[in-house]
Structure formats: structure tokens, C-alpha cells
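Lettered A, B, C and D in written order, each chain numbered from 1.
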Amino acid sequence: MARVRVAVAGASGYAGGEVLRLLLAHPEVEIGALTGASNAGQPLGALQPHLVPLADRVLEPTTIEVLSGHDVVFLALPHGQSGEVAAQLGDDTVVIDCGADFRLRDAGEWEKFYGGEHAGTWPYGMPELPGQRDVLRGARRIAVPGCYPTVSTLSLAPAVAAGLVEPRVSVVAASGTSGAGKAAKAHLLGSEIMGNASAYGVGGTHRHTPEITQNLSALVEGTVAVSFTPLLVPMPRGILATCSADLVGEVSAEQAHEVYAEAYADEPFVHLLPAGQWPQTKSVTGSNAVHLQVTVDETAGRLVAVGAVDNLAKGTGGAAVQCMNLALGLDEGTGLTTIGLAP
Amino acid sequence: MARVRVAVAGASGYAGGEVLRLLLAHPEVEIGALTGASNAGQPLGALQPHLVPLADRVLEPTTIEVLSGHDVVFLALPHGQSGEVAAQLGDDTVVIDCGADFRLRDAGEWEKFYGGEHAGTWPYGMPELPGQRDVLRGARRIAVPGCYPTVSTLSLAPAVAAGLVEPRVSVVAASGTSGAGKAAKAHLLGSEIMGNASAYGVGGTHRHTPEITQNLSALVEGTVAVSFTPLLVPMPRGILATCSADLVGEVSAEQAHEVYAEAYADEPFVHLLPAGQWPQTKSVTGSNAVHLQVTVDETAGRLVAVGAVDNLAKGTGGAAVQCMNLALGLDEGTGLTTIGLAP
Amino acid sequence: MARVRVAVAGASGYAGGEVLRLLLAHPEVEIGALTGASNAGQPLGALQPHLVPLADRVLEPTTIEVLSGHDVVFLALPHGQSGEVAAQLGDDTVVIDCGADFRLRDAGEWEKFYGGEHAGTWPYGMPELPGQRDVLRGARRIAVPGCYPTVSTLSLAPAVAAGLVEPRVSVVAASGTSGAGKAAKAHLLGSEIMGNASAYGVGGTHRHTPEITQNLSALVEGTVAVSFTPLLVPMPRGILATCSADLVGEVSAEQAHEVYAEAYADEPFVHLLPAGQWPQTKSVTGSNAVHLQVTVDETAGRLVAVGAVDNLAKGTGGAAVQCMNLALGLDEGTGLTTIGLAP
Amino acid sequence: MARVRVAVAGASGYAGGEVLRLLLAHPEVEIGALTGASNAGQPLGALQPHLVPLADRVLEPTTIEVLSGHDVVFLALPHGQSGEVAAQLGDDTVVIDCGADFRLRDAGEWEKFYGGEHAGTWPYGMPELPGQRDVLRGARRIAVPGCYPTVSTLSLAPAVAAGLVEPRVSVVAASGTSGAGKAAKAHLLGSEIMGNASAYGVGGTHRHTPEITQNLSALVEGTVAVSFTPLLVPMPRGILATCSADLVGEVSAEQAHEVYAEAYADEPFVHLLPAGQWPQTKSVTGSNAVHLQVTVDETAGRLVAVGAVDNLAKGTGGAAVQCMNLALGLDEGTGLTTIGLAP
């Protein structure tokens, strides 16, 4: 069978680089055009020196001429730029957007959190949600979930869906810095980040809040209230989400664990740890796995679930490749791994 | 006036080292005996090479003979060892325990969380709590608060005391590693810690949970339920606590900020940031300050407060020195600073 | 063809874990016995949580009964323990020692630097050295090079072999902490490591000094004097070696670059960067690549070469797998990658 | 006595922030005008949140009107901007330049390494050099040494001056990132820096090379050849310099240590460690101390000295305050400490 020809728009950034890192390990893929904005004309080796096999490839501008003629196009562009590009690509092309443009269903939420006009809604690339795997099989347009929503949703979904908790959840998610991208900003300098933990987007103002709300609310009647606080901690990759909610009635830690075990029994990339072992981001570095654990705080009457994900891998590029596999009818895990890089 | 003669028991650990670092900058203090356990006989320079002026001082064993004859004795010992030492020191000696032995009032909670017999309860060294400063003035025995309880309590106290929130709070606190001490443990190796975030003591099992509960419950009738989750993040010092609770009625972010501003208007070491600016641990590294911010998540109906503290400074050694100053009738801030070391 | 059956002795440490991480991606391998010392009886998931597919595998004791019956046995044991194990494994078993026991040819140097009796000398697992690839093809016993010697040797070999420099070289190599292993030691705690750079083994006392000397001296007549200083810097993986030597006669930067380009033109895992681009350890994290650059300091009359390697990958586990491939007659790069994990 | 009135030009950067951090602890100083460029008009609390006592101070533009009328003016400006400002300040004002503009004596070297016209040469602010303390007493213009030259010079000066080594030295200096400043650059992002070590300015091209050469050459007849390689390692502060040179004749480690001990016997901020203990940057974090050790590699025939300094403290701001003290006739160590912040 002919290999799948793939282009990556935005190849010089972190999301684009991760998609490429994974595609280089994918046996069915041939890497076609790589594009950039201000970096067009530069060799990839100067921008992504870890991608040795592509070191001599030169970035092209992000135009329809460059991107057309591929079987799959990954868009790793700044928010708001995917719509125009996607509109020019034919329906025979699989377009997978790593950005936020097509994730939300509610145009009002889009405008409130992102500003500008809502581009639309594409099939949401989280096959672990009920019924969603079938939606993604054969899809031609896919919106890759945000990194925080990935781990937050998967950490809470079984408890919410099973009615173990009240529909008011709290998520505090400690993230590495690569989620903030590669654009130079003074507050993201190594000198500022190392030895430092900080909160941002507090009070429900982070753009991933409506996405988490959308995901969890789909599991129940009515709306799940989400209190979401992202933290920046000194590591390049990884998110650790601490998620909690008041219990409905009496639930034991064992019962909660069992509910999660059943919910994810057949999921290739969701790894519920043995009781008593808690997730750490390093275990999933570079991998497509999500590590989860859940327990019950009897004194406080609260369920607490913790999830770990690599924000660039399963949180972006890995989910993108997983979705590509589903769209193309390949085995869902092709080119992906559950093995992290540690220490 | 003659200088205050001070001994430090447990001078080779992180808490003891921090007490010494601060005492070296204290104008009224003369540093007397320094003791250790297995390190007795070694020069401090081999164990705490940053304390240059004390490099040639040799650690003595932790005995009553060595410790007696000082005006102040700081105990920086493993949990459970302070009681026996303190019992042998006369009432004219100010004894300040950096450990947990005398923090809790409820012997049952002590036994549940620490095991063994409860040593007793000493005046709690948090002058920022209502009425507590007067208790500490002239005290001869003081229990220094735990690091997590310091930042958690100060981040939530104004909201709880003012009745802005329901008496069910959630605290997720990201901590640097020095809080875990200097004893060699494989899971605390640099190789394990760097690039890694993890949760531990989940589900209300961390020993600081009853201390936070005790502090907050003292502000209201009845008990405040505390859901506490500590995280380990890759930095040596600092705790960032994200604290939240459901609002009682309508409260605006401005109102909440005002309540905090009033509560801490006269506190020398609690620094409420201007609205919109969020705490970061680096700003308080090495300082005795606590940085706070508070807001309201209207959609989720939740108050969110974030606090930053240096776990070794205001979270341990700085509070210890602050308490010593109060006990001795010195200006409370002598030898302490609100200035952090950044970047 | 039947898959190669492989055992790993010392599976709970960093070297053993890395060998396993790579073997899990190797298409020709079936993972057999995993052994440990004090960890025997524990599931690997509790010790190496990033190796999800092996989470339920239980460590066995390191005995000849457990290890026999495999096609390949990797030894990732403390120094001095490999000899006894290897002696009991038949000549039909490929034994690959990740430790130092069989690297040195000079028993006197072994005794001086390691102490105890010299176990012997096995084929040295650095196929990039002249003629060494042929030695390794079909070998039944292989000594994997040390991490520092790998990058130091490859950084200097072309200059030394071509006579560009005097036979007195200086190597200052900044290493991540995983090279120091997983045994709990206070000076390797995260609290000590983060924010800290330090030197150790200064003055030619580090055990890798005679190995670098052996490698470089084999390229010339007489002995190359090696001044080697290892540094510990705050990262979990990676070594950056800065190597220099006085020039012999006039050599331009371009000439030096050309000598390196020719020397490594056919090497699959040595990547000489384009002139002006300097190696960074992150580009080789998790990969089997060595990144190199070389220039000339005309004012100081000195050649300076810089190399980057992942101490656990190409510096240990990757070289081990590369050697296994050669020993078994497989393609040398099977299961290995030149692609690093960044950021 | 009236307090010394001090202005800081460039108060929003790392050097300016460090000068302010130290001045806030200086008992004889009153902090006057603070200036910035693009940040003028902003409160310092938004830019340097660790400097709590100055949080409400607003940055003014860097003009002669703002800076005049102070007893001391610290310049923490980008290279090339100090000359014009200094020319407008009267000779009664002590002007201390934290930048490079007035460090070099050779205009040709200035033009080669910095470009543009050489502004001139001011007394060099390293009192530890022979005779230099007297030059600085009462000086009205002082050039603060560069961070790398500080630690490199002090690590090698005794050996060079005593003729223990050949006049060809090698320095490999691993630095934290704050030396690169606070301007936003993509390669200095936390995501790039953490987990990464890299070399830059290799081959004698770094701007601090001629300054080290100037310092060491002043100690001997003729010129000392300096091979200098700076490394960037993942920590915010600190430089660890590994310095070596071929021995002249036979020198034992004890002899070398003794030469250093004598050279620095009276220096308040140079701390030669006991034989066998090696410097680490963390011991000097935030302090004005330089930690040194020296030994001899008999096999390689080389002296190896290692020095640690905080690039922002003794490497910039601390030296600046030390020089101010000398210029004003205060005790040299006023407001400074030898105590580092660890862990």
C-alpha cells in the first residue's frame, strides 16, 4: 500500500515539532510539505535540531499551493488561522487541527473566551468519550482537544457519568511550560520559570474552561460547573491535574476505583494505576498514555482523581496522530506508544 | 544589651540550616551550640557549605548538657523527638519547635496522623491569626506551624472568617522538594524530581490536613471540611497553594479583595498583591513574606485564593525567628525580610 | 524468524530501565526474565512506572537459573558483579555488560580506579572506533562503553587521529544526574541538585579517565594525556562535553570541520552539525545520536570540540542495543532512533 | 550621618533588580530614582515582584534630570549606553557601571568584540586584584567586572601570578540563564532551557574572553592565552568555572592549595574550601562570596581550579555594592553577605 502523504503547517512550533516527532516513527506515513510563517526558508535542523532525519528539509510558506496534494494536513497554527486554510482544502483531504478553532460547539463561548468569529465545530478528537470513536472513524475534519481538557476530562468523566459526584467539579492542573508555546515572552524565560510555581487564568478565565465544561456536561443532564485553575511549574512537558468534587451519597475508594477500571478497561491509552500508586508526569513523557488514579476523602466527603498527561504528546500531537489513524482506518495505536521517557 | 544566646538542635537538616541562615542575619543573636545526630563531630561547613561564617563550627550531640545554658533553643528534629528534649529545658529557656509535635490540640488527631503518644500542645506560632500575637508575646514554648498549613490558612482565613464561603474548602498545594527533608530517599533524587510533577497524600491522608482544619475551624462555629492535596513539583523551595470554596450568596471579586485587604492591612509579612497580579513562589524565595491574591469565579460560584510562601523561610525558619522575636519582646520583624531572591 | 529472547539483570535501575525502554520498541525482541536484587518480588510497574507494557511483570532474583535460556542477557549491575554472572552463562549466550567490569585492558588501571581484581577485557562496544564494528559483529561478550568516554572519545577522536592536536587533551563534561544511578544519596536529592552546578572527581580521579585515555591513545603512537573533569548540572539526562587541545601547526575551523565530516560520514548515529550550530543535550534526549561540533580558537591556538549525548541512551542502553544488533547480525540501527525528545 | 542617596538606571532588568535587592539591605543607603526604558511609568511591583518594599515605586525614564542629584548612580543598561549617561553626571557623583562599556583598556579589543566606539576605561571593580583595592577607594567612576571574568580571574590568578602554570589557560564555565538577561528570546525560554545543556561563544568568540585575558595578563610578563568556553545549564543563577593549565615543573596539590590560601587569606569574599571539598553554585546563591578549590592532576600534568559565583550577586550587583562601599569609604562588606541561600 502506498504510504500516506502528510503535510504539517506550523512545523517550527512545539505542536508541529511533536507531530513530526511522532510521524517520523509512524510506519505508514511519508512526510511531505513542512510550512512556517516567519521561519519559512530556514532548514528545520536550525529550528528543531532534535528531528535529525528532517534536518535538511526547508520550511515553505503556509499556502494552499504548498499544502494541497497531501492525504493528511496537520494544522499547528495560532488560534484563529485554521479556518481559512481548512476551507481551501478539499473534502478528500483529512485535516486535523491542533488548535482551538473548531473545538467548541457554542459560538458564544468561543467569542467570550477567544474573541473573533467562531469558525465552526469539527468532530472532537477524543475517542475515549462515549460514542466518539465511531464519529472519528473516517472523519475528514478533526479538532484535537486541548491539553488541559484532555487530562481533566479523562480524570473526571467516569465519576461524573456514573453520578458518583455532584455536578460541580474543581480542577487544579500543574503544567509544564511548553503548553505556552515557543514564542519569546519574558515571563516564560528559563530564568523566570526555574524555581518558580505560579497560577494564571484564575477564576474561570482560562480558555480551556468552556471546553472542559462542554465535555463533562455532555455526560449528564444539565451543566457541570467547572472551577478550573491552571498552574505553571518548572518543567518543559507534562500536566498533572488534581480533580475533585463532592460525593453523592456514600462511595468507597474501592468503588470509585472500580468505576474507573470499568470505564477504561478497553482503552489502549488510559492507564489506571493500581490502588495506592499515584500518577506522575514523568511516566508519560513523550508517550500517548494518560495515567490516572482516584480515591475518596471520607472526612471531606470528596472524590479526588489525579491524572497525568504529556501536554505535547497525548495532549496534542499524540492525540492528533491517534485521530489520523482513526480517520484513515488504520489501527488506532499505530506509531504511538504507552512507554514514557524516564528518568 | 547582651546578645541572645541561641542553640539549634538538628543543625544539619534543611529546617535547622534555614534557622541558622536567618539567625546569622539577626543583629541581637549570638549563635551557640549546634547539634546533630549521626552528623555529630562533623564541621558544619561540610554539611551546610552555604553558611560560610559557621564553616568551622563542629556539630555536637543533641543532649541536654549541650543545649542547656542558652536563652533560646530551636528544635529542628524528626517528629516525636522534641518532647523529651523540651521537658529537660527549664521554663526560663524559650523553646521553639520547628516540628509537628506540639501543633495539634486534639490528641486523637495526633495519634491518627502521626502515631505514638501526643506530646501536648504549645502556643501556635502564627501571629497572623486572631489574638495569637498576644499569646506569643513572652511565650516560653512555641510550636512553629507546618509549611502547608501556613500558606493554606493565610490564604483562606479572611474568606472563612468573613463567611464569604461555605465551610468546605479545597486546597491543592504545589510544593518544592525541601519540605520532604534531607534524608536520602530514591523517589526524591534529582533524577526523579526534575521534569516531574506528582501528587501524594491524596484523599486527606497528609499529616498537615488536621492542622489546616484546626486553624480554619477556629474561625467559625463548627468544623471546616478541608480537602487537601499536596503536589511535588520540580523546585527546591516554595509552595503555591490554590484554595477554593463555594461562595455564600453573591460576592464580587472586588469585595473579596477588599475583605483580604482589611484582614491583612497591618500584617508586616502578608502581602496582598494588586488585583490582577498572581503570586509566584520565586517572589518569596528566602523571604518571610506570604504573597496572596483572591478572586471570584462567577460561573462556577466559587472563591479562589492563591498563596505563595517559602516553605523553609516563612513556612518554617522565618516563622520560628518571628516567634522568637515576639517571645523575647523584640520587634517582630528583626532579622527578617520581605524581599525575595529572584530570579 | 523466531524472536530473540532477552533477559535484563538489574531491571529496576536506570540503565536496566533504559535497556527495557529501548527493547520494547525493538521489533525482533521478546522480553524474558527481569531481575533485581532487593527489589526482587516487586512488580516492575511500581519501580519503573513509565514502562506500562511491563507493569505487571515481577522481578526475579539475579540467579543463573533465572538468566539462563535466553539468547541475550543484558547486565546492568553494580560494578564488580558482572564477572561472576557472566562466567556461568554459556558461550552461545550473547552477554552485554552495561557496567565497567570488562572495559579496561590494563589490570593495573582497573585496580587503581575501581579496586578489586580485574575481571578481564571484552570487545569494547563502540562501533564508531576504527575497526571496531567488525570486532562486534558476531561477538558473544561485549562491554558497553561508559557514558563520559562515549561522548569524549567521539568528540576528540578525529582530531587526535588526524594529528590536528597535541596528545594532551582537556575534557570538561557537564552531566545530568541519572549517570549517578538510582541509589538514594543525600547529595543527589532534588533539593540539592536543582539550581546547582558542581564539580567532582577533579584532578583525574574519575573512573572514566583511564577509559578515555585508552580510547584516544589507541589512535596514536604513545599515550594521550587526558585532563578530565566531570560536572553535575541540574538535568536528569544528558552529557555535554567540552573538549580541547593545543593545535599542531595551523588548522582552520573549516579544515577541522572537514576532518570530522569525513571521519563520521558513514556513521548512522554520529551527527556533525552544520558549522556554526552547537550541540545541546536536549536534541539527543532519548535518542541514540551523538551531536558534535568543532572549531578552532585562533587566538588561543586551540581546537575546541563539543559533543552531546544522552548518557542513558547512546551513553548506555542505546549502545547496548546497538551492540546486540551487531552481535546478532541484525541491522545495526534496529529499534534505535536518531530523533530526540524536545522540548 | 545622612544616608547615601542612590539611583538605579535600568531597574527592571536582572542586574538592576539585584542591585536593588542588595541596596534594600544596606544600612547606609536611601533608594532614590529608579529608571527604565520601555517600562517607564510602570510600578516596580509589576516588574520585580520580589522587591516588596519598592512595589509602589514607579519607574521613570532614564534621563539626566531624573538621575542627577544622587550621591551614587548605578548603571544597569544595555552595552553601549552607559557612556552618554555618565558623561552628563558630575564628578561628585559616584557612577558605577554594571555593563561592559568601561572594562577594557584596549580600544581594539572593544571594537572587535563589542563593535562601535570604545567609551573609555574606568577603574576596574575587582578589589581582590593586586593593588586594585586602593584604586577603588574614593573612585568616582567604577566599571563592575563581568560575571565570567570574576570567577575565572579569581580561580586562576594565584596560580598564574605564582608561576605555577604555563601562560595558556583553559576555562569552561557553566552558567545559569540570568546572565543572558531578561529580554525575551526563544532560545532562553524555560521550555528550551530545562533539561538542556549547551555551549555557545565557542572558540574564543565570547565577549568576556578579552576581559579574562586582560586580568590574567596583568599578573605576568607577556600575554596569557585564554581558551574560554561558556556553557548554558538549567539553573537561573550561578557560574561554575573549571579552569586548568599545564603545570610548570612539579607542583603538588598541597602546594597549590597553599598558594591559594595565602593569596586570599585576607579577602573577605573569597572562600577557599578545605582540601577535598569542591565548590557548588548553590552555596553562593544570593551571596557575595566566591568559593574556590584547586588541585593537581599528576597524570595529566595539569593544575585544575574550580570556582563558583552567583553571576548576579558577586558577579554583578554584589561587586557593584562592594565597589560603592570602597568609593564612599564605608566598610567594604556593608550590606553584603557571604551566606548563600540553600537548598
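Couple of notes before you dig in:
The rule is short, and it goes like this: contacts are C-beta pairs under 8 Å (C-beta built on N, C-alpha and C of every residue); 3 or more make two chains touch, one makes a residue touch a chain.
Which chain is which protein? Per UniProt: A, B, C, D = N-acetyl-gamma-glutamyl-phosphate reductase.
Note that the coordinates shown come from a computational prediction; the quantities given were computed from them, not determined experimentally.
Here B-C and C-D are compared, and the pair linked by more C-beta contacts is C-D. With centres computed as the average of Cα coordinates, no chain lies farther from chain A than D. Each chain gets a centre from the mean of its Cα atoms; for chain B and chain C, those two points are 44 Å apart. If each chain is reduced to the centroid of its CA atoms, chain C and chain D end up 37 Å from each other. Along chain C, residues 14, 176, 178, 182, 189, 191-192, 194-195, 234-237, 280, 282, 285, 343 each make contact with two or more other chains. Contacts from chain C toward chain B in the complex involve residues 14, 176-178, 180, 182-186, 188-195, 234-236. On chain C, the positions that touch chain D within their shared complex are 168, 170, 172, 174, 176, 189, 191-192, 194-200, 202-204, 209, 225-227, 229, 231, 233-240, 242, 244, 246, 253, 278-282, 285, 293, 295-302, 304, 306, 308, 343. Against chain C, in their complex, chain A makes its touches with residues 14, 17, 21, 24-25, 45-46, 48-53, 55, 178, 182, 194-195, 236-237, 271, 273-274, 277, 280, 282-287, 289, 291, 312, 337-343.
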